[in-house]
Amino acid sequence: MTRHAASMPTLCIENLQVTYALAGGPVEAVRDVSLTVASRECLGIVGESGSGKTQVFMAAMGLLAKNAQASGSVRFDGREILGLAPKALNRIRGSELTMIFQDPMSSLTPHLRIGVQLAEVLVTHRGFSWRDAMRAARFILERVRVPEPQRRLRQYPHELSGGMRQRVMIGMSLLCEPKLLIADEPTSALDVTVQAQIMEVLRAVRLEAAMGMVLISHDLGVVAALADRILVMYAGRVVEASPAGDLLQRPQHPYTALLLQCVPNLRTARLERMPCLPGQALGAGVRERGCAFAPRCPRATEQCRSEQPPLRSLQQSAQVACHHPLSR
Amino acid sequence: MTRYFLMRLGGAIPTLFVIVTLAFFLIRAAPGGPFDREQSLPPQIMANLQNAYGLDQPVWVQYGRYVRALGHGDFGPSFKYKDFTVTELIGQGLPVTLELGTFALCLALALGIPVGIFAALRHNSPADYATMSVAVVGIAIPSFVALPCLALFFGIHLRWLPVAGWEPGSIRHLVLPVVALALPPLAYIARLTRAGMLEVLHSRFIRTAVAKGLPLRTVIARHALRPALVPVVGYLAPAVASIMTGSLVVESIAGLPGVGRYLVQGALNRDYTLVMGMVIIYSTVLIVMGLVADLLYAWLDPRVRFVR
Amino acid sequence: MNVGLWRESGRRLRANTGAVIALCIVVILVAMALVGPWLSPNNLEALDWSHVAAWPGMAHAHWFGTDRLGRDLFVRTLDGARVSLAVGLVASAVSLSVGVSYGAVAGYLGGRTDQLMMRIIEILSGLPLIFFVIFLTVILGRSETLLFVSIGAVGWLTMARIVRGRTLSIRQQEFIEAAVASGASTARIIIKHVVPNVLGPVIVYATLTVPQIILFESFLSFLGLGIQEPHASLGTLIAQGAGEMEAAPWILLVPGGFLALLLLSLNILGDGLRDALDVKEGG
């Protein structure tokens, strides 16, 4: 890898805005979000539902609903992909840029055999014959540690357990050796015991492959275990971005600090059920003057309520959007 | 899979049985029939019926003979045509009707499904509204209005196609009747496909397929089409019923020598055995279509095969 | 359903342009059928020998032309429409009552009775009812009563299914339990509580059943198995017109167009009502 390639981020998002045109008026799901994912980096994205964390990457993958408008810039490997025509986008997604979703049961096509759903990726993107693609599919199932892979290839999704389906999804996203894998809540729909297994698979995959990963979750434990850097989102904006260790030990944004305080055990934390976080999360689309977190922030001042805090770099590679970050 | 099929078959047989039994007892109740005291039938027909059914035997013997005869495809002698059995009459007309009906069904499916997909992909566009409006018209207008109008326009005004009549092996004579028969089911299938497709396109697995970078035609053909067609499969048996009903009219207007015309004639002439035979045949066809539909369901959605 | 829901549905219906137009057309057609014949100077039975198979026109006061026997088509069509509508409404009423009662009883009683009744419906819906009607007509002779009853038998299946579905869900609700606890009889409960709540879907499917029945009746009459002379319904007229197609197309087009327009509008109206009242099959 040349130095140039090593220093160019795999994914670079700038000033991304996603607005939905709904019956009651336009709703902003993502407001002015900028982030980068370096090659081979694992970026964790944490936020409550409605924070916009999923929408950012749906926009990147071109999967937004018809009534959604995205503006800004999304550059993958140096190429602008926001607004790219589906035909061109199809060359990238599924092969170099892949995504796995939350609920593996409904995310797999019920009437197609597992083998077909895996093999078609290689047939489409790499021109494999079906026979070769099936063989490759079997290898990938072995790689994600699905037992009896040959038998599984001929089965239908409903014949597999939740954990196995998610492994299949992960395998499906690895077939073309992508540069970036986006995992949207990969463990949320699974049992606690199975979650640990899937996290293991992701960790192993991370080590073996030369690829970047984006791990989106509302579960801090998931993110903390795997991420190199963590990004915290609130009400459609990035409020803090830091290397994982720094963020977990020295959070800068009051919201992050509160999250950490409320979480006794990072492994099993669930952001939704946080008794010590007062108030409701701000839903998408509510236009506010000032910082969106102000109503719930114990350190809020007049300035916070009237002025939107910009995302500023504090020290190297740490950013925070707050008028009164914790280190001051 | 075989078990599923056998289960469905097991459900269908009682229905057929009910029809056959009903038909048998209704014949006996018919005024002007062989059981009527007045004996108003010509003697040779009486003789035929006596041969076939043993009219002086006890009821259950007659029933037995009747069912056994049916098992051999023997529907008994015609009430009106002394030299013909119903089986012979049906044999003459059935190929024509089958040709007509099969073409109509194929046309309805071959055009209806693509139109439905087209409309679904252009949801809420003018093309979508236009197509669906035409579909409503197609559903509402009965075939006995549609065919004369089509014949009027294409046959008389434009002189492109013959208005009526039939020659063995002729395709031109079948065009207008097939189109008139196919229109209502076509329109309905288009609507069902569109609705099914719209629903499927919002599914999560379609999102996955798109995220995999598959081209649109693959997403539609391989991932979306089969679940979207489930409502269409449910409509198959009613579609065939609609085509069968329409064929009665269409054959009469267009002068096609099919069983539909015989049924109408038979009804007007009070040829009971003929009408009864036709009813049993039509019912059997419908039941078979129902079984075919059930098999298709299993193919479209593998989960069905495993249900107890 | 409470008053608020009705008003909301009414609003939705008014917003549906297609349904509103369809409603107006239906009203116009029905009005024409009822009142029209009096507007014309011609008589239903009169044979105008000087104007046999005449083109439609204002000059000779035969606005829709005449048929092969010199009968005025305007009056005949509208009269035929009246017959079709009458049969349609009466048969629909029969169909409705049977369907609603059957469904309400099945849904309310539940359990094995319900299963059995639904099984019967399943079997019946698989049969080509039309052929059976023809069969019955042939065997039992042509009486008007038989005609009404057998035509009415066409639409009750869907209605029964819908009503049963609704009844099943209503049955679980609390006010039914209260009524049972207070000792009201089954029949009373059904009439006082179940029926009003089922009204919405019933109206929708009634509107969709009427064109089905009119279609069926026209079909039978077209084949010569329905309404007999001297009465003529639209179906009979269309049959006559089909025979005259080459020489005098209006004899076919006038009653055919009327029937097509009527059926189309009723269907669109029914669809609109279904969307407005937000009714789905199965309750």
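Labels A, B and C are assigned to the chains in the order they are written; within every chain, residues are numbered from 1.
The criterion applied here is as follows: contacts are C-beta pairs under 8 Å (C-beta built on N, C-alpha and C of every residue); 3 or more make two chains touch, one makes a residue touch a chain.
It should be emphasised that the depicted structure is a prediction, and the values quoted were computed from it without experimental measurement.
Which neighbours does subunit A have in common with subunit C?
Joint contacts, listed by label: B.
Suppose chain centres are the mean of their C-alpha atoms. Which chain sits farthest from subunit C?
Taking each chain's C-alpha mean as its centre, the farthest from subunit C is A.
Which chain's mean C-alpha position is nearest the mean C-alpha position of the whole protein set?
B
If you count the contact pairs for each chain pair, which pair has the most?
B-C
Starting from the mean Cα coordinates of subunit A and subunit C, work out the distance between those two points in Å.
One centre to the other, that is 57 Å.
Hey, how far is the Cα centre of subunit A from the one of subunit B, in Å?
About 53 Å separates the centre of subunit A from that of subunit B.
So how far apart, in whole Å, are subunit B and subunit C when each is placed at the average of its C-alpha atoms?
Roughly 23 Å, centre to centre.
Among the residues of subunit C, which are close enough to touch at least two other chains?
In subunit C, no residue touches two or more other chains.
Give every residue of subunit A touching subunit B within the complex, in rising order.
Those in contact with subunit B are residues 61-63, 86-87, 89-95, 98-99, 101, 103, 106-112, 116, 120-121, 124-125, 156, 158, 169, 172.
Applying the document's contact rule, which stretches of subunit B touch subunit A when the two form their complex?
203-205, 207-216, 218, 222-223, 226-227, 300-303
For the complex, which residues does subunit C have touching subunit B?
Within the complex, subunit C touches subunit B at residues 123, 126-128, 130-132, 134-141, 211, 215, 218-219, 222-225, 235, 238-239, 241-242, 245-246, 249, 252-253, 256, 259-260, 263-264, 266-268, 271.
What residues on subunit B touch subunit C, complex-wise?
14-15, 18-19, 23, 26-27, 29-31, 33, 136-137, 139-142, 144-145, 148-149, 151-152, 156, 163, 237, 241, 244-245, 248-249, 252-253, 263-264, 266-268, 270, 272, 275-276, 278-279, 282-283, 286-287, 290
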